[in-house]
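What follows is chain A paired twice: with chain B in the first complex and chain C in the second.
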Partner chain A sequence: MKLTIGNINITDVVLGAESKVEGGTLFVNPKELEALVLEDGNIASVSFDVAKPGESTRITPVKDVIEPRTKADGPGGMFPGVVAKVDTVGSGVTHVLKGAAVVTVGKIVGFQEGIIDMSGPGADYTPFSGTINLVMDFVPRDGLSAQEYEKSLRVAGLKAASFLGDLAKNVKPDEVIEYDFLSATESMKKYPDLPRVGYVQMLQSQGLLHDTYVYGVDMKQSLTTMISPTEVFDGAIVSGNCVSACDKNTTYHHQNNPVVTDLFARHGAELNFAGMIITNENVYLADKIRSSDWTAKLCEMMGFDGVIISQEGFGNPDTDLIMNCKKIEAKGIHTVIITDEYAGRDGTSQSLADVDAAANAVVTGGNANEVVTLPKMDKIIGSQDYVDVIAGGFENNMKSDGSIVVEIQAIIGATNEMGFNKMSAR
Partner chain B sequence: MLDKLLTNNPMAARRFADSLEVDFRDFAAADVLKAARDMVHQGHRLRTHPVTSGAAPNGSPFVSIVLSGEAFRTDFDSVSIIEGAMALYAKLGAPRELPEAVAKDFMLIDCEMLAKDTQNIYEITRREEI
Partner chain C sequence: MNSKEERDLLKILHYINQFYGGIGGEEHAGHLPEMREGAHGPGMAFAAAFGDAATITHTIVCGDSYFGENLEAAKQTILDMVRQVKPDMFIAGPAFNAGRYGVACGTICDAVKTELGIPVLTGMYVENPGAEMFVDKMHIISTRDSGAGMREAVPKMAKLALKLARGEKIGASIEEGYMPGYMRVNFFEKERGSKRAVDMLLAKMKGEPFVTEFPMPDFDRVEPLPPIADITKARVALVTSGGIVPKGNPDRIEASSASKYGEYDIAGVGDLTEATYETAHGGYDPTYANVDADRVLPVDVLREMETAGKIGSLHNKFYTTTGNGTAVKSSAAFAVEFAAKLKNDGVDAVILTST
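Here is the complex of A and B:
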């Protein structure tokens, strides 16, 4: 499958009377977006704000971050099965509003979501301090259940990002990148001497606020399966997941999956990017066993020489990670796992909840228990009501000078397990 | 024979009263894990992973664990997983007292995880309509 990505560099987002993309500026008429969002009767109201890099602004509690994109040419539409009709995406031309993001905010349950600081020390931990964020803060109708609220917020964010992306359908991109994912036979003929490397992406699927959707299907209801890596650039995988902030994969992460882009970058030179497998992280052990069996089986059937496995979340999913690693290694296929650590605030405790000698090549996104002081921000978008009970927060963590002390697990994307985070030993 | 639900979550105890043999314990989370460990040594198998509830594993005061109703020979995978969970809770420390509304949210998440996966195994699931 051949996909051309056209990046349109966005240098400013302005709320105004007309929605359009012109001269690198994304103009948004909030009334149009509001009308779109309020089509869903479960949302009582929505407010809009723009947060820019370097500003003294804190956004919390963040549910999802989404990059505005559109299909400029080729089959299907953005976020198939959720916003667009079900149709295979991943080929043709996709336009991206690079530098802009939609951030959805809402108090779904009391302890979830996370923080984005646009400046200060917290900004160093999140990639979304570097994007110009159109923030949508939602108020649900009275009596809405947490389940319905999550769904409404999830879909509203995706609809908004799709609407904004569509504004750039006919805008000439500033940068063009081509991705070509070959069939198994084509790639074997073309690169017979290169190692066949696959990617296994584990998707969080434990339940309410811990779900991921593929073409609209709740991933916990799927067996392990294969996907073209180009499909993820078109929103085939979307986040319905709110925890923990540091290592949840937002929809933006899926749209910009760095394992996929890096494997493509080395494809044909160092390696043959031979396939992508998606699997789930369920609660029942029988599901974990079945899914990891299936993952190892598919890796073997695809004839991979090596596999990169990325995780989402921590604790329970460590078991899925290690099962996948062990079973794939047992097939004689080398693995590298990408995870993060909960090694205690001093970093000296064991990092993972499950381990095995087969996991002999590990990339870490960082220690989620690391403590950071976030200074007072002049502007709060959303609410700080929950920063003490949020994952990574703790009692009396709001100081009299307005600063808050949190573990970095409270910061969106801080220890991302696809390697999209900003911490590095490089 | 119904599977057993060992839980300190009153919402889960009510919700699964008909589908599981509920063993409600008004214990702290770490003590629920210990009770599950004892059952594992008696031959009950873990059906669910004991570390759930998202956030940080020690963020939630509620733990619900499904085990086989029937006791078999001791299952070493179950032993390893429950011991790992206990070590994790010991490392991270006990969950703290929470405001009532937040505690209820944790109860709900705890229930949802079991409910959705129960559906996955036992029921034909419905695709979301566009």
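Here is the complex of A and C:
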């Protein structure tokens, strides 16, 4: 599968009378987007704002972050099975509004929504302090269940990002990157001497605000399966979860999966990127055993020499991570796992809920319990009403000077377990 | 020196063995603990490294064999000396690969830290038995295996000692030079995690050396007790990490990374209802626990069993916290507290529910 990514560098987002992409600026007519998302009767109203890097702005409680993309050529469309109709994506040409993001905000569903600070110490922890964010702040219809509310907001964000992406269908990209994922036989013939490397991506699937959808399928109802790594660039995997904000994979993370891009970067030179497996993180023990059995079995069937396993979430999914690692290692296949840590605020507690000697190669996204003081911001998009109850917050954590004290687990993407960030711990 | 500088000058107490104290080698290893004024032996190098920031006011010299063979007595004598001096910081060693010296440094640092609350630092070679014994209890600067590493070890120890003494933020182990295994600290790498993972995998597949970012710790596994002989006579308590709390979460137990647990009275409560109980836990879909908290904390079923005589009784208090993102160390501390209460209240068995 051959996919060409055309990046269109967005240097400004402007709310105005017309929606278009011109000269690196994304112009958005909020009325058009409003009409689009209000097609869903569960949404009572939506307001729009733009947050730019370096501004004294805090966005919270954030549910998802999505990169606007469009299918400029080839089969299928963005977010197949959710926004576009079901059709295999991952080939042709995809245009990306690089530097822009849609951020969805609204009163909390659970406890797992997070914070994005556009400047100050909090900005160092989230990649979305570096994007120009079109923030959509939703008010749901009264009487919605948590599940209905979560679904409506999830789909609204994806629809909006798809609409904005479509504005760039005919814009000439500033940068073009080609990804070619070969069939098993093609890659074996072409790279007979390179180690066959696979990627096992664990997808959160524990229930409300802990779900992930693949072509619209709730991943907790799927057996472990395979996907072309190019499909993720076209929104085949979308986030329906917030876990804790720090180690939730937003849809943006999936669209820009760093393990996929870094394996492609070495493909054909040092390794043969031979396949990608997606598996779930269900709550029942039988599911965990079944899914990790299948993961190890597929790795063996694919003849991988080594795999990278990325996790999502923490605690309960640590057991899935260790099961995957142990069973794959037992097949004689080398593993590296990417996780994060909950080592306590002082860093002296045990970091993971499950460990095994087989997991001897670990990359960590850092200790999510580390405490940070986020100074007062001039502008709040959304509401700070929840910063004490979201995961990572605690009683009386809002200070009289307007600053808030949180564990970094409250910050979107802070300890990402796909290795999106540079932060680590020792 | 003006008075302000005098106030700011940190007082350091240094512990060394008989060899570094200039008394002699193995034949003097039985030397009893003595305290001298000022810096001695390696303390001179520390004093130079501290400059105007700190001063070694006293040095304790003790024979390695004496310490090892008279552990309690040596500890008490030395602790008394430390109490007398009241230093801002306690430094031991560095011990390099000297086994008994390393164990002594670790032991006395641990005692000074836990019993007197004074910050401590030692240094030794990674294979020193003292390293394995104390690596999870204190900062230990990683040194070479012999005294030839003194020049390298002292600046690292001095720098970290000043930070510890001042209560400043401590960097990650690879930044400060202490052994990993005690304290996990965040820092920013040069490459993103995914790139580091690919690099590590390529090295691992080739059989080349690589360094894991998180060495697997020993896991604390608890052996179950023998079963209750007669459950129909037993007093049974409920304990949960599923976050069940009275409606409104009166003690504000956190949704994640709990700093506390709750103790709630359920005398006369036969059923947890939507109106009376809920979950504070942020790690699972709370819908079903909020509708009927018995699903997580089965008070209703245990009351029925109590009435039917299937268990002796249901204890009238339950203990609860959120397991979500809560440090194991915190959980263990909560359990130590409420396990004592449960024992005190004559509870025979506990049903622990998680989510």
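As a working rule, the second predicted complex is superposed on the first by the 420 of 426 C-alpha atoms of A that agree within 3 Å, B and C clash if a C-alpha of one lies under 4 Å from a C-alpha of the other, contacts with A are read in each partner's own complex, and residues count from 1 in each chain.
Criterion: contacts are C-beta pairs under 8 Å (C-beta built on N, C-alpha and C of every residue); 3 or more make two chains touch, one makes a residue touch a chain.
None of the values given here were measured: they were computed from a predicted structure.
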{"item": "Fit or clash between chain C and chain B when superposed on chain A", "value": "clash"}
{"item": "Partner chain in contact with A:17 - chain B first, chain C second, else both or neither", "value": "neither"}
{"item": "Which of chain B and chain C A:346 touches, first, second, both or neither", "value": "second"}
{"item": "Partner chain in contact with A:421 - chain B first, chain C second, else both or neither", "value": "second"}
{"item": "Contacts of A:81 with chain B and chain C, given as first, second, both or neither", "value": "first"}
{"item": "Which of chain B and chain C A:263 touches, first, second, both or neither", "value": "second"}
{"item": "Winner by number of chain A residues touched, once chain B and chain C are compared", "value": "C"}
{"item": "Footprint overlap on chain A, comparing chain B with chain C", "value": "110-112, 146-147, 206-210, 244, 283, 314-316, 342, 344, 349-350, 353-354, 389, 391-392, 394-395, 409"}
{"item": "For the chain B and chain A complex, residues of the former touching the latter", "value": "46-49, 51-52, 54-57, 59, 66, 77, 81, 84-85, 87-88, 91-92, 96, 98-99, 101-102, 105-106, 108-109, 112-118, 120-121, 125, 127-128, 130"}
{"item": "Residues on chain A engaged by chain C in the complex (per definition of touch)", "value": "110-112, 124, 145-147, 195, 197, 206-210, 244, 258-259, 261-263, 265-266, 270-271, 283, 305-308, 310, 314-316, 334-336, 338-339, 341-357, 359-370, 389-395, 407-409, 416-426"}
{"item": "Chain B contact footprint on chain A (complex, rising order)", "value": "81-82, 85-86, 109-112, 146-147, 206-210, 213, 216-218, 220-221, 242-244, 282-288, 313-316, 319, 342, 344, 349-350, 353-354, 386, 389, 391-392, 394-395, 409"}
{"item": "Residues of chain C defined as touching chain A within the complex", "value": "136, 172-175, 180, 182-198, 200-202, 204-205, 210, 212-214, 216-217, 219-220, 252, 254-257, 259, 281-287, 323-330"}
